[in-house]
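The first chain written gets the first letter, and so on, giving A, B and C; residue counts start at 1 in each chain.
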Amino acid sequence: MKTLTAVSVAISLISGYASAQTIVLTDSEKGIEQGNWQTDSHKLKLAGADFSLRQQVLHGGKQEGSKVITLTSPGGLTIALSPTRGMDILHVNGAGVRLGWDSPVDEVVNPAYINLESRNGLGWLDGFNEMMVRCGFAWTGHPGVEDGTLYTLHGRAGNTPASKVLVEIDEKAPHTVRIRGLLKENTFKKSNLETWTELRYAPGSTSFTIEDSLTNRADYPRDYQIIYHSNFGKPLLEEGARFNAPIKEISPFNDYARAGLKNWSQYQGPTKGFDEMVFNIVPYADAEGKTLAMLSNRLGDRGVSIGFNTHQLPLLTLWKNTDTERQGYVTGIEPGTNYAYPVNIEREQGRIKQLQPGQSTRFALTYTLLQNAQQVKQAEERVKALQGGRDVKLVAQPIAVE
Amino acid sequence: MKTLTAVSVAISLISGYASAQTIVLTDSEKGIEQGNWQTDSHKLKLAGADFSLRQQVLHGGKQEGSKVITLTSPGGLTIALSPTRGMDILHVNGAGVRLGWDSPVDEVVNPAYINLESRNGLGWLDGFNEMMVRCGFAWTGHPGVEDGTLYTLHGRAGNTPASKVLVEIDEKAPHTVRIRGLLKENTFKKSNLETWTELRYAPGSTSFTIEDSLTNRADYPRDYQIIYHSNFGKPLLEEGARFNAPIKEISPFNDYARAGLKNWSQYQGPTKGFDEMVFNIVPYADAEGKTLAMLSNRLGDRGVSIGFNTHQLPLLTLWKNTDTERQGYVTGIEPGTNYAYPVNIEREQGRIKQLQPGQSTRFALTYTLLQNAQQVKQAEERVKALQGGRDVKLVAQPIAVE
Amino acid sequence: MKTLTAVSVAISLISGYASAQTIVLTDSEKGIEQGNWQTDSHKLKLAGADFSLRQQVLHGGKQEGSKVITLTSPGGLTIALSPTRGMDILHVNGAGVRLGWDSPVDEVVNPAYINLESRNGLGWLDGFNEMMVRCGFAWTGHPGVEDGTLYTLHGRAGNTPASKVLVEIDEKAPHTVRIRGLLKENTFKKSNLETWTELRYAPGSTSFTIEDSLTNRADYPRDYQIIYHSNFGKPLLEEGARFNAPIKEISPFNDYARAGLKNWSQYQGPTKGFDEMVFNIVPYADAEGKTLAMLSNRLGDRGVSIGFNTHQLPLLTLWKNTDTERQGYVTGIEPGTNYAYPVNIEREQGRIKQLQPGQSTRFALTYTLLQNAQQVKQAEERVKALQGGRDVKLVAQPIAVE
C-alpha cells in the first residue's frame, strides 16, 4: 500500500477555487496508478480538519481489479465511489442513515466482465447497484434500435473506467475535497465525448455536490443525454415513505404505471409482484432554475434531498421499484435532460440535445442527507415554496409507447 | 509468492464434517486474493499425509490474470481447476492416465476476453478445453432465442470467476481436501442464483467428488438447468474404447446422430469429417438413485467412471466428438438435469426445473480413475447390475428438432 | 521494474539467422510475464550498438493492463508496438517525422474492454488508433453476415493479446532486433490459426520490416484474409500530399468514392464532411513480386514507403479519411490478400484464400521513413520503374455493392 509520501502532491492554484493540493491517483497519459492508497487530514497537515481518503483495489468474482475510493469524515459522511465504474457513487453513510440500496448484484463489477449488448441491450443490469449512476452521455434510456443500431440500456458512462482520477484538497478550511475523474466515450468516427466528473465535499457536512463538465471534442455536433440515476432503499425507503418535488406535470411512463399515478408521492413497502412503476415529471423551479426533489421516511425524521437546476436538467424521472427486498427494493429520483425512453422516442419527441464542436456543458446536483424532522420539514417547505400553490397536473396517458 | 505463513488459517469446526483448517484464497467481500500461493502437508504439519496445493496466476494471451489451483497427491491424483473459469476442472492426472483432452483452445481463457453472445451465442467455444465444465445454472444447452432473448451456449457458470475460494483440510486422516468456490449469477431483476462448488479429494486416492449446492436467493421461483460436461480424450479415448452405463432409453440428439445409435457404446478413432454425434440417455439407477457411467480404453485396462444420482441428475448426454486430434478428439459423458437442447425445447418438453425463493439443491458426482483391468471390470459389473438384464431401448427418432 | 538481470537470457542459434540472444517477455505456456521491463545495448554489452528496449504496463481508463514495447534507436527510429493489441504498431518516430495519426481513441485499449460485435460489428472502432493494424486473419473486411453469422469489422487479430512475446537480438552488428509475438485465433470447432508476428529492425536505420508467419493448425482447410492497415496522418498527410504506387487498375470501393477516382494520387487537407473514400488497387510488381507504395508530403521532402510482395499480398487498399483533424485526419495504405468488402462479397468474388492443414504462409512488409527530397525521389523512381510506362486503368464502377 502506498502512502502519501510515495505520491506526487502538488500545491497548485486551480482556476475558480482556492489554493489546493492535487493528488494524482490515476493518469492514463502519464502511466500513473496508485492502486491501494490512503491518506488523511493528519498526514496532510490540515489542522482542524478530520477526514481520511482511501483507494482499494478489489478482488474476487467479477469485481477483480475494480477500484473504490472512500472518503470518510467522522461526524459527516462516508462516501464510496468507483473510478472503474464511471466515478459513480456506490453508497453514502452518515448520521446512521445509508444512502444506497441492496441489489442482487453485490459486487463492484469490472466492466471487463460486462457485455452491455447482452439480453438485447440489458447487459447493464449485470452491474447495477450504485446509489448514483450516470446514465449517458451519448445516450441514456431503455435499449432500442435506431437506424439498425442497438443503443444499450442507460449508455456507457457507468461502465467506463476513469482515465484520470485526481483528488484536490483545499488548503483553507473547511478543506473541501474534490474527487475528479475523466470519462472518455471515444469511438473512431462515432463519438468523442469527454466528461470531467467531480464529487465535492466539505468534511463534516452532510451534503455533497456532483458537478460534471461534458465536452464534445469532435468537429461535428453530437447528441447527448444524461440521467442521474439516484437510488435509495432502506432505511429511507419503507412503507409510508414519501417522494416530494415541485411538479408542474407528471405522467406514467407506460400503461402499467397508470395505476400508481394518483399516489405518486407515496411508497409501498416491499411488494411481491410490484416490479416497477416509472413516472415522467416536469418540475417547477425558481427563476434561476433551482429546484429540489426529496425522499423522506415514514416518520418524516430522515430523508435525502437532491438539489439541481432545470436549466441544466429540466426533467425528472421517478422510479418506484418497490418489489421485494431481495429483488431490489429501491426508488430512483433521477434528474436528467431526458426521460428513459429509447433513443428513437426521445428523438421523435425532441428531447435529445446536442453539443456543438468543442462545446461544453455542466450539470450540478447537491445531495443532502436530512437527519431530523426539522431538516425534512425545511426541505418540504422549500418544495412547497417552489410549487407556489400551483396544481400538480396529472396526465393519465403515457406520452409514448415503447 | 505467498506461503502459508502469510495466509489466514483458521481451525474451525464446520458443520457436517470433521474439524478442518480453512485457507481463504479469494474473498470478494473481504478483499482477499492470495494470488500466487502454495502450501503442502509438511508445512501444514499433517503427519502421514503427502500432498501439495498451489495457486498460480497465469499470463500471456487471453489467459492473462486467470488463476489455476493445482492439488498434487503423489501416488494419487493431480487435479487442476480454475477459479477464474467457474471452478471448472482443467485436467486430472494419475497412474499414468490423463483425464482431459486437447482442445485447439490451449489457454485458460479469462472470461474478460470472452463474449458469450458472439457467433449467435457460441462465444463459449472460445474458452472450452476443460475436463469438466458446469453448463448452467440459469440455462444449459445449445444457444437459442426464447421471448426474443438469446440464451448463449452452455450458460454462464463456466465463464464466471469465483467470488470466494476456500481450501478446507480435514485435521484427521486421510486429511480430505475441499476446494470450494462461490459462483454468482446475479443480474438485477433477472437472476440471483448462487452456487457453492466443492471439489473433495482424499490424498492418495484415485477418485474425487464434485458436490455443488445451488441456491435461488431471489424472492421469485427461478428456472435452473445443469449439465456436468465431463470430457475425455487420449489416452482413454481411442478406437475401440467403450462407453458404458445402465440405460433405460437412448435416442439420437438429431438426425445426424441416428447413424451412430446402434453403436452407441463403441468409439471410433480420430475420424476426419466425423464432427460430433450426441445421444440423449435416460439412465437406470438403484433404489437410492445411484448410478454410474464409464469410459474404458480398448484393452479394458484403464478407464474413468462417473458416479451420480438420478434424483439429482436424472439425464445423461453422451457426446462423441471423435473427429481428428487437432479438431478435438474427445467424448463427453454429461450427467444433467437436462439435455442440451435450447431453452425453448427444454421448456416445451418439461425438463426445466425451478427453485423456489431461498431454496437450495445439491448435485454430487464422483469421478474415479480406473487404473487396471480389475477396476474396469468392477465398474462394468456395477453397470451390469444396475442394468439388471433389462433391454436398452433404442429410440430411432430424435425427440426434438433444433 | 525488472531489468535484464532478472530476465532469462539465452544465447541461441536460431535457424535461418545469426546467433542471437533471446529475451522472453511473455510466455503463456511457461507463465512468464516480465511486466515493466527495460534493457539497452550497453547492458547487453553490444559494443557499437546504441538502442534501448522497454516494456510498460499502462494504466487508466480502458488501457488498464495494456502493454507497450518501445524500441528506441537514437539517430534511427523509435518504434512502439502493443503485445496486448495483436503486436500492432502504435507509432514510429524518426528524423522529426511521426508515422502514425491522431485518433479520437487516444488510449491503448485493452481488448478486455472491447466488444467487437457492438454496433453491428463495429466494436473495433472503439480501439482503433494504430499506425499499423493487422486486419485478419480468419476474416478481414467490413462487418457482414454470412450464413447467419456476423463477421465483425477487420477481424480479431488486432484485439488478440499475444500469447508469447520474444525479443531476439543478433550477436553481430548491426545487432538486428526482432520483436516476435504469437497470436492465437483459436475457437473450438471453428478456428485454429496461429501467427508468429515479427518486427525486425537494425538499430540506426530508418526502415523496419514486419514479417508474419500464419499457420493453419487445424486438420481442415481454413479460410484466411489479411490486410495490413497502415495509417498515416500529420505531418506527412497534408493538403497536396501524394500517394504513389505502380497501379494496374484502380476502382472506387463504393459510389461515394467515384468522385475521387481521378484524383487518386492527391490528398485534400482536413475537410469537414469528407468522411472517407476508399479505392481498390491492383498493383504492378517486378518479376519477383516486389512492389512499393508510398506517401509523400506536399513539398516532397518527407514520406514513407511500404515495400511488399504481390505474391503474398496481391492487392492494395487506399483509404483516404481526410476529414477534420479531430475526426481523424488519416490515410491508410493497406497491402492485403483482400479488399475490405464483407466476407460474403470477398467469397463471391473469389478473393478468399485457404490454408491446408498444417500449412503456413508468410507476409513481409518493409516500412521506410523517407527523410529528404532525394529519398522521396528515389522511391518515386522505383514506383515509376515498376509502372513501366503503362497506363493506370481507372475503373469507374465499383466492383461490388455492400
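Please note the rule applied: a contact is a pair of C-beta atoms (placed from the backbone, for glycine too) under 8 Å apart; a residue touches a chain by one contact, two chains touch by 3 or more.
Predicted, not measured: the structure shown is a model, and the values here were computed from it.
The rotation relating chain B to chain C, fitted on Cα atoms, amounts to 120°, rounded to the nearest 5.
Chain A and chain B touch with mostly distinct residues; of the residue numbers seen at this interface, under half occur in both copies. Inter-chain centre distance (chain A to chain B, centres taken as mean C-alpha positions): 42 Å. Within chain C, the positions touching two or more other chains are listed as 65, 112, 115, 117.
Note for the complex: chain A touches chain C at residues 26-29, 31-33, 65, 111-112, 115-117, 148-150, 160-165, 182, 184, 186-192, 217-220, 357. Interface residues of chain B facing chain C in the complex, by the touch rule stated above, are 56, 58-65, 103-107, 110, 112-113, 115, 117-120, 122, 125-126, 128-129, 272, 323-328.
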